[in-house]
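The following pair of complexes shares a single chain, subunit A, combined with subunit B in the former and subunit C in the latter.
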Partner chain A sequence: MLMTRLKAGGPAIAKQGILVAFIVFMIAFSLMSDRFLSADNIMSVFRQSAIIGVMAIGATIVVIGGNLDLSVGSMLSFATVLVVDLHDKIGPELAIPVMVLATLCLGAINGFLIGILRLNSLIVTLGMLSAIQGLVLIYSGGQNVDIVDQRGTWFAIFGRGAVFGIATPIIIFGTLALIFHIIMTTMPFGRRVHAVGGNPTASVFSGIPRSRVVFMTYLISALCVAIAAIILGSRVMGSQNNVGQGYELQVLAAVILGGTSLLGGSGSILRTVLGVLMLAFIQNGLILMGQPYYTQWLVTWVVIIVAVWLDVAAKRGRLFSPIA
Partner chain B sequence: MTKTMKLLLASCGTFALVGAAAADTVRIGITQNNVGIDSYQTTYEQAFIAAAEANPDVEVIVLDAGGDVARQISQMQDLIQQRVDAIIIWPTDGQALVPAVRNAHREGIPVVVTNSNIAEAGMEFIAAFSGPNNIQQGIYSAEMMCDALGGEGQIVQITGMPGYTTAIERQRGFDERLAELCPGVTQLDIQPGDWNRERAQRTMETLLTRFDQIDGVYSGDDNMGVGALNAALAAGRAEGMVFIGATNFAVGYDAMGRGEYWGSVYQSPVDDARAALQTALDVLAGEDVPKLNYFDTPKITQENMHEFDRPVF
Partner chain C sequence: MNDPREPALRLQGIVKTFPGVRALDGVDFEVMPGEVHALLGENGAGKSTLMKVLAGMYQPDEGQIIIAGQPVRMTTPIEAKAQGVVLIHQELSLVPEMSAAENIYLGELPRRSLGRVDWKTLEERSNAILTRLKCKFRAEVTVAHLSIANQQMVEIARALTVDARVVVFDEPTASLTDAEKVVLFDIINDLKAQGVGIVYISHRMDEIFTLSDRITVLRDGAYRGTLTTAETNEDEVTRLMIGRSLDLSRNEAPRDFGKTMLEVQKLTCPGLFEDVSFSVRAGEVVGFYGLVGAGRTEIAETLFGLRVPDSGEIRIDGEPVAISSPRDAIAHGISLVPENRKEQGLVLQMTCRDNMTLPQVQNLTTGPFVSQSAELAIFDQYRDKLAIKTPSWRQSAGVLSGGNQQKIVIGKWLSMQPRVLIVDEPTRGIDVGSKSEIHQLLRDLAAQGYAVIVISSEMPEVLRVSDRIVAMYHGRIMREFTIDEVTEDSLVQAISGIKTTEAA
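The block that comes next holds the complex of A and B.
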């Protein structure tokens, strides 16, 4: 039935499989829990999704460029431990730029290995995932780090503050999503990333500096991780050494859910935002309904697979592949 | 391996023991789970080495499996090859390490398991277990919760990583004791926080949306407990809410000092390390050591916290 609706909707709606899935899902949840669509809850989910969301913006650009970034999880641990630890040592006004620079260096290493040396991104970033986790443990000696003066520091604004009644993490997430959406859809850099991801060989013949473009995508990904770390550090006011463990999969799940092709060349930041929100609403909705945790794991991944299927189905106009 | 060879090796083991006793120093090998992954394990290692250095009759070989089961199995083999007098192991996996522990046992090397116990199937091969009693910790937390609420109220529970023995045992101790001691306290929901403060904070935010009245929160450790506290503070609902944790962390200790956190269970990695070494020494001295050696993990509350040092992690 859904299929006929998709078909009837024509090409415009056919491209929005994820949006359809999202709306269906929201309606289903709101029927099952009366608190689900309350303003408080929606704001709370938006705020919760900001950390994964900011990271997913960078990851989307990397994936459109035809690569993967699995190192973002431990990079988040690295950046959060660094900014929280330095906060009490040199103050937040210095801790933030030092951390951002250090995280950009890690992004540059990724970018160099994958963009310039042309190594396989899956292998490089999987290796970096472990290597950076090791770096975190060497740096901290295994100790958790905490900000002592949690009430007094202005650093609290990023994770706990609000501007005009809207939580800062939401504002940061929204602004970044908008900026990078504009860059990716209207600016030369965005077109170059699409070209490099869609057809690397053709892009080189078209005079696009492929190495530099790929390098830049990893730098952007690292920048997004650094910003996510500021939100996380400020929200929690402390950090474990493995705080970002597993986040790389949530980020990737959101990107996939947003319909960005893992083969590169196509994808959209705004749809990734939708993917991020959908994952956050699923987790939130299931707790609101009082479901035990194992259903959350199960349902989350079933929804991802169904959504990807719906997306593909909408694009080709039928549920099953025409080729047997 | 033939029976004769096994017998030969076993007798070699006995000789090694006798030799060591004659020299008056004992060699103890330890293979740890994953040093550096958290403050507890890091502090444990430091305390273990310090305790061994303080005792002139002990020589220790300190190894770390880095969380890798295969590496820990080969470390066990190495220690057996080196003919240490005793092996202390912090299992990376209680089930997978059973054969390695059985090998050491067959070679006549006593094995002391530290912190997290080996699976039931391995119990017959170990000399002793030394570590915290997580079920008892859950019981303590239930008693504190009951106490703090005066026997009436609605609470939520945030557990550790699903599937982890520590998480399961603490929850079991808490659930059973609470039901028996405090039938007037109902548990609204139990959700995992994965030992992660941010995750616990997110979970608590959602629980606050779902329930208008939450009187208490029990968390599987203070790290998550402080995450839940953060969520309640941000929602302006922390006033009068009782927060009980386990494994007192520095952040929990500080929150207790501010009067925001009610109580926890004090578990010192230093005590844990010392108890493991002492258990191994007792075994080697031929003392009658019970199979399960729990070191004391007392309740810590706002009232008695001055008797404890601020945790180093």
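The block that comes next holds the complex of A and C.
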């Protein structure tokens, strides 16, 4: 009797596994550090998570469509270097659209290779990860870039500004998450992305333009990277050549923690937001506890692997591998 | 080797429950050495669950498994195999890139020193088994290069590497041609003669009556009885299985056709089909009959824009049309219910409703948003019209039975209000009850004025639904029959490439 009830209750708890883990972490950290749950700290974690968060929105859509995007890290370097460099050369009102267009072009290359030519997304975006990093170095000649007049430019609003006391990055992240959540859950495009990721063949047999849908997911991913670059450039008012290095893994980590299936076809942007916040709070908690920042890498991935394991175990109904 | 009076395998009072479902409710089943025992039941009756219990993939909640007089517990397929129980899966489980020999001995390759594979022994043993199965290919060949039928032989060969007491065949003929079936039946009879107990699962009544000694019927997870094949008939078995009798008649609907909806002239796709011309009128069902690989599916895919023809003309409602994508086909009013519903027809993790509205979701909008009410209206309409059994529209399509899945796909394409509806193998892998429902449905659609093309490899199906039958062989149309003039002999001749005197 008890077993049956456990089994029946299992999937329901498993569905909320990430949420449960999140709450456990929050309680544990708040017991260990007084500052952890202070309003200041929470706002600052939200603000810091915005860049990864915005990128993770695009990545979630790519993954629901059945593909991966590992190029977002170097794409972020590219976009940030470009917007910061152009800021002083042609002014922010031109620098932003030029950068967005250039970044969309990179997304279009991904989309063309993966959507139209049907190449493997892991290979293409891994290649793009390296190729774009090269492009950045060629463009900047290896120099880091800076904005000279950091106080006088309205560009500062995206990274450093606030509206009604809420930091702009949080507002941008929240708004984008909401918009894309609505697109993915209530609009035909979202339905098509789910279908293409869930079963590409059946989608074609249903008259869905599979290539175009996949192409669009990469454009959206690039757009999100461009927006993230505006926040980052504006906050730092300068950029290193490799500022986005490693972001692709954090983004992917957030998507996985949010429970989006890497096989495609299912996933949720709001849950990715939860994944983003969880990562950010873990990292923040570790720092407050005086751990060096690189501990976060170890802890983050242990958490992810355990989360994925529990998730799969809940679906299988047992902790260890099934027979077939 | 086996005691002939003792069952090779006996299941007693097997109960297996899943959350919310009692999948098996006290099922008894036995198979004697040297007996072919057919297991019948509609989709969802519990056959697959029972087989998984047999193969050690599920543990029964209650009941006993007795092999050669000894109660056993089998917790993995490996243990089941060690007990001499081998399952030949419906879906093949071979590694396509490996040779037949490697597949046959997968997991237990003969070894030499230092763990190196003993290729010579491997190939000798494998070839010996293949010879015993009268296979014409060698064990060295890569599995991917073999036909489906030969791949199945490899699967069977794998079963014979152990001293099998019981071999379970799960829908083994689903993708075999008639000639290949004959070979398979020979093998089953050989195994039987060697004292192996055979469990044979199939939907095909003719096969069961050809092969089996006894028939056990399951319905809704419960044991419904065991019949001796020689003392029963299809009608009795069907009644036991679905609780009522089945209609086995030929289509006799009054023929009152409208104008020609689809006309195909000299359509050619080299290597697949050549010089194909036919037409379909409103209110007419045209059956395409032929062997697997005769080019029927390829014609359907060409009409639906999935392939580009080399030459030829397609006219819809008298107008020549260019179709280069499924979107074009849909825009011209062509709908295709594809051959393989799980791979081509459905997005399994999507809800039933979303699957049904998928081809037109971009048109079901209020402003930029998908209109839930418009979607539900379509879903409700076709759920009622097609009698689809699902607890809710939210159910993901993957968990429905084969028959209900097929109805979702049919509903999806009917809701597009097509001018021409193409249905490819509409009842493959579907239980008898749903099958006759789908046949009736196709007739109803014709009566409502739809122009329907039915592609089928089953003669009874073609005879039951068609007004006209197009017989194909090797990519060519051999003959066209009206339902009144067709005979089973002439059909068989036409699809075997035999030219009869009256054929043009």
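Criterion: the second predicted complex is superposed on the first by the 293 of 324 C-alpha atoms of A that agree within 3 Å, B and C clash if a C-alpha of one lies under 4 Å from a C-alpha of the other, contacts with A are read in each partner's own complex, and residues count from 1 in each chain.
Just so we're on the same page, a residue touches a chain if its C-beta (ideal position, glycine included) is under 8 Å from a C-beta of that chain, and two chains touch if they have at least 3 such contacts.
The structure displayed is predicted, hence computed values, not measured ones.
Aligning the two structures on subunit A places subunit B and subunit C side by side, free of any clash.
Between subunit B and subunit C, the partner in contact with more residues of subunit A is B. With both structures placed on the common chain, the touch criterion links A:T186 to subunit C but leaves subunit B unconnected. In the superposed three-chain arrangement, the CA centre of subunit A forms the vertex of an angle with the CA centres of subunit B and subunit C, and that angle is 130 degrees when rounded to a multiple of 10. Contacts of A:G265 after superposition on the shared chain: subunit C is touched, whereas subunit B is not. In the superposition on chain A, contact of A:F164 is made with neither subunit B nor subunit C.
Closest CA pair between subunit B and subunit C after superposition: 33 Å apart. Shared interface residues of subunit A, touching subunit B in one complex and subunit C in the other, do not exist. Within the complex, the subunit B residues that touch subunit A are 35-39, 41-42, 162, 189-192, 195-198, 201-203, 205-207, 209-210, 223, 226-227, 230, 234, 249-251, 254, 312-313.
Across the complex, subunit C is touched by residues 4, 7-8, 186-188, 191-192, 194-195, 198-199, 201-209, 265-266, 323-324 of subunit A.
Residues 17, 19-20, 56-57, 76-78, 304, 306, 325-327, 329-330, 336, 338, 343-350, 354, 358-359, 361-362, 364-365, 368-370, 412 of subunit C are the ones that touch subunit A when the two sit in their complex.
In the complex of the two chains, the subunit A residues touching subunit B come out as 33, 35, 38, 40-41, 44, 48, 51, 137-138, 141-144, 146, 148, 160, 232, 235-238, 240-243, 283-284, 287-288, 290, 292-294.
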